[in-house]
Amino acid sequence: MIYQGKQKIWSEYQKEIPTDHWFYVRSCIRQTFFPASEKMFLEILRNRLGKDVYETPSHTTCGGIAYHSEAIPQETVMTIIARQFALMTEAGYENYVCSCITSFGLYTEVMEDWREFPELEAKIRENLWKATKREFKTPKYLAHASDLVYKFRNEIAEQAKFRLVNRETGRPLRVVEHIGCHYAKMFPSKGVGGAEYPYVLAGMVESWGGEVVDYPERRHCCGFGFRQYLVKANRGYSLSNTHKKFESMEPFKPDMIITNCPGCPYFLDRWQYVIAEQTGKTYGENGYGIPVFTYEEVAGLVLGYDPWDLGLQTHQVAVEPLLDKMGVPYKPEDKYKGLNGKRLQRPEFPMNIKCC
Amino acid sequence: MGKLYDRLSQDYRIREGLKACISCGTCTAICPAAEFYRYNPKKIVSIVQSRDDDAILELLKSDVIWYCGECMSCVTRCPRKNAPGLVIVALRALSIELGYFVESEKGRQQLPLMHALQGNVLNYGYCVYPLTFAYEMHPEYGLVGKWQKEHIEDVYERLGAHLGQVGPGALRKIPQESLDELKAIFDITGATRWMEIVEEKSREKAAEMGLTMEEYEAQAFTKTSSCHLNPEN
Amino acid sequence: MSQNVVVIGGGPAGIEASRKLRDLGYTPILIEKEPVLGGHLARWDRLFPDGVDASTFLDPMIADLDGIKYFTDTEVASINRLKDTWVVKLSNGLSAQVRAILLTTGFDLFKAEKKEEYGYGIYERVITNADLEAWFKSGAAPQFDDVKVIGFVHCVGSRDEKAGNRQCSKVCCVTAVKQACEIKEKFPDATVYCFYMDLRMFGRKYEDLYLKAQKEYGIRFVRGRVSEVSEDLDGHLFVKAEDTLFGKPMKLKADLLVLMSGMTPAASTQQLARMVNIQTGDDGFFLPKSLIVSPFTSSREGIFFAGAATGPKTLPETLSEASAAALAIDHYLKTLQR
Amino acid sequence: MIDFGYGLTPSSTLKIEDVRLPAFGELLRREPDAAKCIACGSCAASCSAGVFTEMNLRRVILSLQRGREKETLPLLRHCMLCGKCQLVCPRGVNTRHLILSIGKVYQLEEDKR
Amino acid sequence: MKERILAAYDPFVLPFVFGMTFVLAYCLIALVKVLIQLNAADRRKFALSLITPTTIFKNIRDIFCDCLFHVKLWKRNKVLGYMHSSIAFGWFMIIVIGHIETILYIPERLHKMYYPIFFRYFMEEQNTTLQGSFFFFLMDFFLLVILSGIAIAIVKRFRSRIVGMRRTTKLTLTDRIGLYSLWAIFPLRWIAEGFTAGVAGGSFMTVPINWLLHNFMSKPENITVAWWLYSIALGTFLTVLPFTRYMHIPAEILLVPMRNAGLPVRHTRKGFSLAMLYSCPSCGVCIDACPMGVQKKNVKDATVYMVRNLKRRNRKRSLEIAEKCLMCGKCAALCQVQMDACGLRLAYRTSQERKQNRIPADFGYLNAVAPLPRTETEGKVLYYAGCMSSLTPVISRSVQQVLRHAGVEFELMDKDGSICCGRPLMLAGRQDEARALIEKNRKLIEESGARILLVSCAICYRIFKEHYDLIGVEVMHYTEYFNRLLQEGRLKVKNSHQTLVYHDPCDLGRGCGIYDAPRTALRAVGQLVPALKEREESICCGGSVGSLTLRYEDREPITRGALDNLTANNPEQIVTACPLCLKTFGRYATVPVADFAQILAENLDND
């Protein structure tokens, strides 16, 4: 691997990202599975970096998952998106940042479609007016939340309490980055670093002291596949694709996986559990599996937040071995506490994958 | 030059996604579905490009168009700036519009899918919602997931989510006016009509298959035949 | 004192046209931006379809430049129209006033690193056709152990709208087959695959070469465009394509991958086109008056073309076009005198 | 082991470097023309048996080259050896002998048992 | 006549006695072996034929004509005919006369097998019997005949072209021993009898040599030496005979009745085939006959080498030869012993396929083929174009044109894709699979109610004729049928006076014996010119489906050779009556090639 070659490509895919005043929309999946990550994003931007990030209670799903599962037609999803843009316009913002990769891809695609087919945009405007009496402007800048964290990665590194470095050996942690398919595969120029060697997460990892591991199947989809996961009958597809990725990354012995997609961290985490329970195979060291994180979780760890406030206890693959490597302190007894220190019964132990 | 093709060609996703395919196979080469299903996106694009209505009709009625995971990896690679993934999406939409989806096992999954997704969007404003995400339907949610479900309020509260609460934040209760707007959008843009088509066609199909709607929906959600997989394995 | 004619580009087309112009009684001024004459041919080892050494053509041509003023390491600074002549200023400070300019600027090889998914410049075991020729010519093989599986990727940067080149580069198919045979000679135990979209064996004896590659060299041809390449821990490559004839995705673990970089317009094309105010096509190559009857005549008085400046061409096509362009210039200048 | 109601699906990707082709080598020894196919499909287009069945010699040859003969060998059972493919083959492949040779080098799965 | 040596024995007879005993024993064992190897039905058939008067007569005639007089060879090449018949018949006569003498003069010695052979040594002429000198004369006469034959044989061995042969077989070591001992026998007999001529009498050959070499021959001690040498030559010849091509001499005597009994070739080297293998005289006629001979590398693939390799049990070579052959049948047509060369090869192919084909055929899909529309019209014609004709549509189009012109009611059998006739499968050795196709086609045809099955492909025609046993349906090749229509006046044509040469397709000519019908018909539309070799000697076009392994590149010279043969008399048009020949010739011909039906269709008289 010739690193300079990748640097050259990264230099060609730099995306303009404004530094402040963002209209923020949430992700259905992330808030369900990783609510603390979204909280951490706002915490870092608002409190750590003092940025203006606005969120309105009236915003809804973009409809992306329903659209990609063919539960709603294209016109519907476009009109829902138009409504989101209208909320932004009404709030007086021009920079739109979304937490979800599916949304990000869909917004990008919709805006491209409208640009190419103005009559389509006109139709959607009409639809929106009829349904809600709202009007909208398309965002001037569209970013995914990870773009912003990437943008401020060095500022975060400056405030870092911990680094992605093995405390004992002093070596950088080996990090696998997994980019959501809809981040840049459809429009490579819209993603930091392009589609082939995306830099958005790699930049964070490097900035925070880790080492990115390129393995052969790094570009492969996690296998969510919308309906392929949502319908139980199809889940073999989802599982098999994740399995393929793990088989490919295994020889590279990664310490952790960092993702910027809503579903991917959930699938990469949970399918390890399923593979272990079905076949007995685990991919990490000592039977633990490879821990999977959202970029906000990693940022939170680096900045010194309590792992249990970051929601790492909701991962099925144990995070403690990694915390130990990084030297992040944690109280095992606090892991499964509820609100206000309420003690909750801990989850059961799986059979084949080790948990703490 | 058939009617089905004409209808397809009205779809912006076909206009965007199918310029002129040269059958180079870059899409199939990296397609996650092509590896695990009896599926080849290049072939589908070829069929649509052929404008052969009989073949397109067969596609609309077949399982083949439902294998794609819409990851859009194919879009990156195509040397002709086509998007096989979008072609699939357009085919699926047409299959629903014309009611052909009930002819295939994978197509029949529309009923449970739409119930779940349209239901979530209209009731809560989200595609996925913890209260409707059942552990029984999702055993892979894991033992941690089971624990999370059991202590749903504590866990979400501790992690800073505002499950069912008023005001901004994760999993907040979306104001009723907003939900009403979504419903209006659904009515105007065809989502409601889709639900009607799917329910009606599914009902007919269930009757034809001699199943109650509950059985039909449960079967659609869980049944998978071996014919979807590659024969050599 | 014989008339001067400026020839821009010292590849085979420029050299051959200059010699022909000299034979017709003119004094060609041949300008080459590189330190040596010969263009891509100077870096090529052997030529299809017979595997003749490229230098057996080029060396005698370069040895026969009497009566031709040539400048290497020189570029065109400006070209201006002055009444019915062209004033050509060179980067070395010289200038010439001529009635005819011949553009033989040729082509640039497609920059394979632009096909990011193939990892040229990132994976050590991915090389280009030009690298392979340099290797054959110098005999200095890159130090890869264990070369057991070799892949050739056709159409790299050709027939690819995403790469900005819709056109077919014409010569890569037969070059790949030639190189596949050559590398099989170097690594007789290796299995060699060619990933192609179409095998465009249009020239005389090309199909014979293809047949020979199949029968005698056992080269395996896979119809499918390579979709992506990735690297294993030990630097070996995974090549993904669809075997389109079989209709299945295919994965090849290769020890060496050769990318057949196609032909793109020379970098100077746009600049020169602006200087003399002539058009280029959508593909970026110079646009002659007619692609059929006068492929060497431009839309402007006194500006002529030869060779790959007007699109991908084989060497014999380039050479014959060079001769034809020289004759066209001669005819043009004689008509002016009358 | 827990039953989740779904499981891993085997990959259909041709892992070509894993394909060892001793049988194909033997076939080439018997009938070197097997290397000459350019997959033009003339044979399949003219096939007498192809009128009634899926018989497709081009596909058979390819599957042998890819080590996937299992899927296509049964097609050869329909061949009437009429030789039309031999007449139309632009590469002059001796298709009849190729088919006969395949019958000697390869074996149907069901007959192996 | 009286006995000169009263003991009636001399040790010099031993080599002969040994040789003779050996060869007789060998032949007897071989005979038993052949008979055992026949299957029961064939054996019964053979036994029956041996007592059927007509076959008895035929057998005797054939043995005399073929084995002694070499009538077939005479027809082909007078010099070779003379050479063979002089030696065979002369020797036969010498043996017969020796026995007659023994019977006449000293019948009590008849039980000694050597006595008639060495009669001259043991007997003495008394000059008183006219009979004696008569026999002496006869013996010397036949000796002269043989010696003349031997002289030609020696010339032929070193200069085969003088006797009109391009190539002869390469001899094996035992063949050489046999040949030289055969050459030696009669000169030595001449010398030996020359010796005894002084003491026991002789005639015009033996007496003069006794005089000429008087000094040498008058020495009695040399007499036994000469007779010893004669006996050794005989003994050597007889001992090596089973291992040489001369085995054909005794074997043919068995082969003739077996062939006349109509036994089929069932095996590569057992039973009837074994008799056939033994009967091959290695004459090499098949080498020149073989159309593959245009390439030197194919010379060793001629039938004679096939036989040799089969005898030696060289499986690899036998198989190579068996699979390469075009099955044009020309070697068999010219063969002196009527070797069923194609049958032997087919038997080899069949045994290979039965043993080795591991992808058994499955023609179950044919069950779905719909039956033909049934017609009750009397004399209705069903036209089967065949697979190949779909690549030469001019044939079926012309056939239909001609049929319509003649007002023939007809139905197309295979317009929606043909079921192959089965001959290609059969030629590939897949007999059982071929049967499946035959059965299906037979059913289709018989159920269609057609009275005439019209076939335009010579390959199909042959199998329809040989293997279909269609009940109530007359199978006709279009050359026959159109000729009949012409003769009946139903088909009217005009003569273009174009010069035509007709190519006999192998399966039609040699295969089915149809030579005249196409020629008669063609004479009505043009002027027929002969090819250099035609009818049973016509040369295969090279496209034959009979050859399994012959490569495309190697077929070209055969085709060109066949074309040269056809165009020797500068015809304006080559006409053939087989789609495969048409397609094959079309590839390289410089003279236009047309199908038989096409020529008729072009010259229909519409007035």
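A few comments on the model shown:
Each chain carries a letter (A, B, C, D and E) given by its place in the written order, and its residues are counted from 1.
The working rule: contacts are C-beta pairs under 8 Å (C-beta built on N, C-alpha and C of every residue); 3 or more make two chains touch, one makes a residue touch a chain.
As the structure is a computational prediction, the values presented were derived from the model and not from experiment.
Counting steps between touching chains, the shortest path from chain A to chain E takes 2. Shared contact partners of chain A and chain D comprise B, C.
More contacting C-beta pairs link the chains of C-D than the other of the two pairs B-D and C-D. Remark: the per-chain Cα centre closest to the mean position of all protein Cα atoms belongs to D. Rounded to whole angstrom units, the spacing between the C-alpha centres of chain C and chain E is 65. Averaging C-alpha coordinates per chain places the centre of chain A 22 Å away from that of chain B. Centre-to-centre, using mean CA coordinates, chain D is 40 Å away from chain E.
Chain geometry summary: the mean Cα position of chain B and that of chain C are 48 Å apart.
Shown for chain C are the residues that touch two or more other chains, namely 117, 223, 228, 243, 248-250.
Taken residue by residue, chain A touches two or more other chains at 195-196, 219, 232-237, 239-240, 244, 274, whereas all remaining positions touch fewer.
In chain B, the positions touching at least two other chains are 30, 34-37, 76, 140, 222, 224. Remark: the chains found to touch one another pair up as A-B, A-C, A-D, B-C, B-D, C-D, D-E.
Here chain B touches chain D in the complex through residues 34-38, 139-140, 222, 224, 229-233, going by the rule given at the top.
Partner chain A is touched in their complex by these residues of chain C: 113, 116-117, 119-124, 228, 230-233, 235, 238. Here chain A touches chain B in the complex through residues 26, 28-29, 31-32, 35-36, 38-39, 55-61, 63-66, 68-76, 78-80, 83, 105, 113, 116-117, 120, 127-128, 130-132, 134, 181-182, 185-186, 188, 195-196, 219-221, 223-228, 230-241, 244, 270-271, 273-274, 308-309, 311, 313-316, 336-339, 342, 344-350, going by the rule given at the top.
Across the complex, chain D meets chain B through its residues 2, 4-6, 9-13, 68, 70-71. Chain D meets chain E in the complex at residues 31, 33, 46, 48-49, 51-53, 73-74, 76-84, 87-88, 92-94, 96-97, 100, 102-104, 106-108, 111.
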